[in-house]
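The same chain A turns up in both complexes below, where it pairs with chain B and then with chain C.
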Partner chain A sequence: MSARAGPAAFLEARKLTRRFGSFTAVEAVDFDLPRGKVFGFLGPNGSGKSTTIRMLTGLLEPTSGSATGFGGLDVARDTEQWKSRLGYMSQKFSLYLDLTVGENLRFFGSLYGLTVSRLDERIRELSQRLGFTPLLPALTAGLSTGQRQRVALAASLLHEPELLFLDEPTGGVDPKGRRLFWDLIYELAAERGMTVLVTTHYMDEAEQCDRLAFILNGRIIAEGAPHDLKNGLRGRILEVTAPAGADPFEELSLVRGAPALEDAYLFGRRLRVVARPGEEAQAGRLLERLGSPAPAEPSLEDVFVSLARREPAVTEKVAV
Partner chain B sequence: MKRLLALTWKEFLQLKRDPITLRLIVFIPVMQTLVFGYAINYDVKHLKMVVYDESKSVESRDLVSKMVATEYFTVVGHVASLGALRRAVDAAQASVGLVIDRNFGRDFHRGAPAHAFLVVDASDTTTATQAMSIAAGIGNGLSIEVLAQKAGWKWKQMPLDLRVRPWYNPDLKTASFVIPGLIAIILTFTLIQFTASAIVRERERGTLEQLQVTPATRTEIILGKIVPFTLIGLVQLTMTILLMRFLFDIRIQGSVAELYAVGLIFIAAVLGLGMLISTLAATQMQAMQMSTFFLLPFVFLSGYVFPIDGMPLVFQYVSRIIPARYFIEVLRGIILRGAGLGDLWRPVAWLSFYTVVIIGLAVARFKKTVT
Partner chain C sequence: MIAARALVRTFGATTALKGVDVEIARGEMFALIGPDGAGKSTFFRIVAGLLAPTSGTLERDPGTTFGFVPQRFALYEDLSIDENLALRARLYDVPRAEAERRAADLLSRVGLERYGKRLAGALSGGMKQKLALVSALLTRPPLLLLDEPTTGVDPVSRREFWSLLNELHHRGLTILVSTPYMDEAEYASRIGFLDEGRLTALGTREEILSAYPRPLFLIRSSDRVHVRERLARLPAVDDVSLFGTQLHVRGAAGSGPALLGAVRGALAGLVAPEAVEPLPPSLEDVFVLKSEEGEAA
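For the complex of A and B:
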């Protein structure tokens, strides 16, 4: 099933399962987080991304399965030590609104046992790096979403965690804020060897991860580097632009459901189809009425849609 | 320890930012002590009385002035008919009406009963009972005077001398009864609600989850709530004691240290109840409602206002599971009677027992709901 990433794995999740009553939120999930890499969890809402992260942070006990990491710790056994070495930024903003930014950072920092001088130094470093130094004496309640998100990131990085969990960190944040955010994450991963697990549904963010896992209905349906995941579809994506006289919606309804096609959808006047493996020629013929179809670069969205179509038949492991 | 300190510091910082809660912490004990101390008064004095005196004799005037001299009655008017007297009582211009028979002066010395009657507005039972017993006393006193005269009794004293000594509260001040118990009520009022809503607020805002991913243990997180609120409770306890001493002149007859020791046990019990509520309530609104649910039995079934001995048997049993009942017993014992823990071991033991049960339940439920 899962390829063991070998000695470089920083965290290993094995058969991780969580049930809530009769509902299985996460089912026997297996994966490795490689050290110093950014690992992305991609999947629709309710697919089990957050539940998985909550188990890995020690917030939620798994119904079964295990997670080991940090060179020999077990989340269930060494919970306190485990928690002291990870950082977590939740999807919901969770700093104290009635404290100032500085007070929030000082408070969370002291929970991690940082000395006063070290804490002051870290607060100075991080607030400069994330550009919120002038906000330190401000009440957190008055901050914008983007500002809060950068402060929350700083709070989760104060104790220099070796492992960082980001649960949909950039929802509602402007592009510039997102840039600042990701630059720091990649820098920390590359230079300090920090391992990162991030959940997102932004395709551009997913695109930049070193490795991705697609999650659907509590299971990992595919895992690999973004490039490799897309390779599986290379040559099977065809596009054609509907000519002036044609109604693109009508054309879409004509081809949709054809046995040669896995999927078909519109981008403006462009009709884009995913051919079934080995049916590329047949798919091309279907589109010829509209013009000459050209092969297109697969996107992660194509990959996800294509994989989701096959669910729950087989859990596929994309070759690396 | 360092983490507990940080958690406590955080709680006080938040309190500092919340001037309304901060004021409530001070305002509630002061207000309640003033209101309950002054307003609750079972000694009904200066009842308004209208007089319909048909006799207009020396004796009838003597009766009226004897009643006024007790300070329990004040004449607010004289009327000339029974109908007018009835209207005055109906309209609540007076709560007592005195009717003196036309032949009162003559009959008084003849041995034929001299008639007078008193109507009392009994819609308020406390007032009515008191007015009735005092009026009866005056009637008896006057009769005895006449009898003594007729019998030629020449000594100053009455043949029987039964003296009543009101121990512990010689002036029979209601405040002495009300205020010591009030300490329990004030702590209950403020602490249950503050604790419950402080925890629910953290859960609502997601900060509880953020705390839980830090290395802080659940015990530390729970203590991080208990320690600051215990300190608040001690401040309120001290404030109420000072008001009681200097405003109502009620001195603590027993040991102050023992009072604080038992006070801490009770504070732990109400904080535990607050925590228990926080595990059941999903929103701050629900937490408030549930707190109220506990407040009423604490006030009415704890013996704070109504004596437990006067309750129907069922409610006497119910009152046994109310921790405030035992704390009030201890408060009155230490403050008014100067009792020591040796005398009060029974209520202290029960209070401690319920405190352990409540905290145990709260911690167990708290651990379940936060994971």
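For the complex of A and C:
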């Protein structure tokens, strides 16, 4: 694992492990959440992301290892205090569908012990900021996915938590709603120093995180700033567009499996290859018959796929 | 191969499709992109003949059969992979020997050849997805319909799934696929944006991006609060969003690339001119603008 966040860490997870019977869901995971930063978890379903979050929220006891944070609290020892100072938004948004939006927010706010006047003020602020004030009297069941998401975010922010956990918060949400959502998260992180841990399937969201951890089979296989995570692939990805008349699939099958290449795939008519380290020139020559290959900036998906393929017995092999 | 004309579908008081016009030609890989509730599944169900339109028409070329991979896994969880495929082959009158040959070929292509005896209910999400695809292809249809096949799928499986679709497309299959992920438009030959029941953009990725009418700028600054305050005074700026450590700024209707000078000027003393630069639009920028224009109309 790469550089630690150092003394500014708001939360430190050390050797955090969770077993369910003989299955190890999370294995000796180490990471720091830097204060006021957005930290992303990226990994397949079942890789241990949600289990890690549940341990860090105090909802699930670790089998071993520790999590400390909030300037001296320990999740196992100070569980109640720990829980009261964080916000958590789960994949399912956990709102009561038969209550109105306002009733949901008042219910969640009362769990955090906010006074009635403070709660009303927070509901007003957050519903304005997230653009759902007209929906406060509406029944939650009638809301779109994007609207529910913003209400759930508001519910998790009512008590002004110092630490916010977002477990796949934006699945299926409309782009406009997703922007409103992220705009507030970035603002709270930058202006109020709120620390955020988010899991996501959207590569463009992962791209905007301050730091990222890639998780596979319960272990962190890489961690760092998005730009740094790409360093290992930068310069190794080449792309050329198959000219009219050329058959892109034929061309793909000609280069696939070449010793100089780690991977090759098509985006429509664009052929993209990942050269093995040191084999960039050879990879370029393989593509020359189609035109002049240009280096392409690696995406986080490229990085993830490249790292994951090095892990044994992880992917269900697809022979194309 | 498929022609939808003024397609409307209502469910009680809700209108899921509000007049969709689109033609999908033989040999296309067409991606329908939109969020939850946009009407994607309703469109697929009408194309698959599972649902009738309230008004408008949906035509498929005569004799066009299709394979359909719905969003929810629709095979029998208490049957094995082999049994599921045998059952489908029987329902569609594929001779047994031929069905077994095809199943073996398809299963090996998606890496499921060793799991024939496993119950479908015991497969991982990614494996179920592949089985549903194999099942849809068993009857050798010329048209494949896939409703959100990659939602919630991990990056490795997602890329493998698209590689497979790419190959099938290459072999002449016409593919209609839906997705909530804008970045998957890269794989399609043509895309349509579906937003609240309306098709708001239609074309190749390049066509859609090049038709974006507004200037966009990227600003690198740690002082986002003051940047926003200053930009709020510029009438030619109509949106400022935070993206991690950057701000994205959109020009109002009628503004052009010359807005760059005005933005730099407004931020003088706060942000260095070179920290403000033009930004090419993303498909999401197009989608957001179309959706705002739709609300305003």
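Simple rule for what comes next: the second predicted complex is superposed on the first by the 307 of 320 C-alpha atoms of A that agree within 3 Å, B and C clash if a C-alpha of one lies under 4 Å from a C-alpha of the other, contacts with A are read in each partner's own complex, and residues count from 1 in each chain.
Please note the rule applied: a contact is a pair of C-beta atoms (placed from the backbone, for glycine too) under 8 Å apart; a residue touches a chain by one contact, two chains touch by 3 or more.
Keep in mind the model is a prediction, meaning the values are calculated, not measured.
Peer 1: For A:95, decide between first (touching chain B), second (touching chain C), both and neither.
Peer 2: In the superposition, A:95 contacts chain B only.
Peer 1: Considering only the touch criterion stated at the top, classify A:144 as touching first (chain B), second (chain C), both, or neither.
Peer 2: second
Peer 1: Identify the partner contact of A:121: answer first if only chain B is touched, second if only chain C is, both if each is, neither if none is.
Peer 2: neither
Peer 1: Under the stated touch criterion, which partner chain does A:45 make contact with: chain B (first), chain C (second), both, or neither?
Peer 2: It touches chain C, and chain B stays clear.
Peer 1: Per the overlay, which chain contacts more chain A residues, chain B or chain C?
Peer 2: Touched residues of chain A are more numerous for C.
Peer 1: Using the touch definition up top, name the residues of chain A that touch chain C in the complex.
Peer 2: 38, 42-47, 144-146, 168, 171-177, 179, 182-183, 186-187, 190-191, 201-204, 207-210, 247-249, 265-268, 299, 301, 304-305, 308-309, 314-320
Peer 1: Quick one: in the complex, what on chain C touches chain A?
Peer 2: 29, 34-38, 108-112, 124-127, 130, 151-161, 163-164, 166-167, 170, 180-183, 186-189, 195, 222, 224-225, 241-245, 282, 284, 287-288, 291-292
Peer 1: What residues on chain A touch chain B, complex-wise?
Peer 2: By the definition above, chain A touches chain B via 57-61, 80-81, 83-84, 86, 88, 90, 92-99, 103, 107-108, 110-113, 139.
Peer 1: Where on chain B is chain A touching in the complex?
Peer 2: Contacts found on chain B: 2-3, 5-7, 9-10, 13-14, 17-18, 205-207, 209-217, 371.
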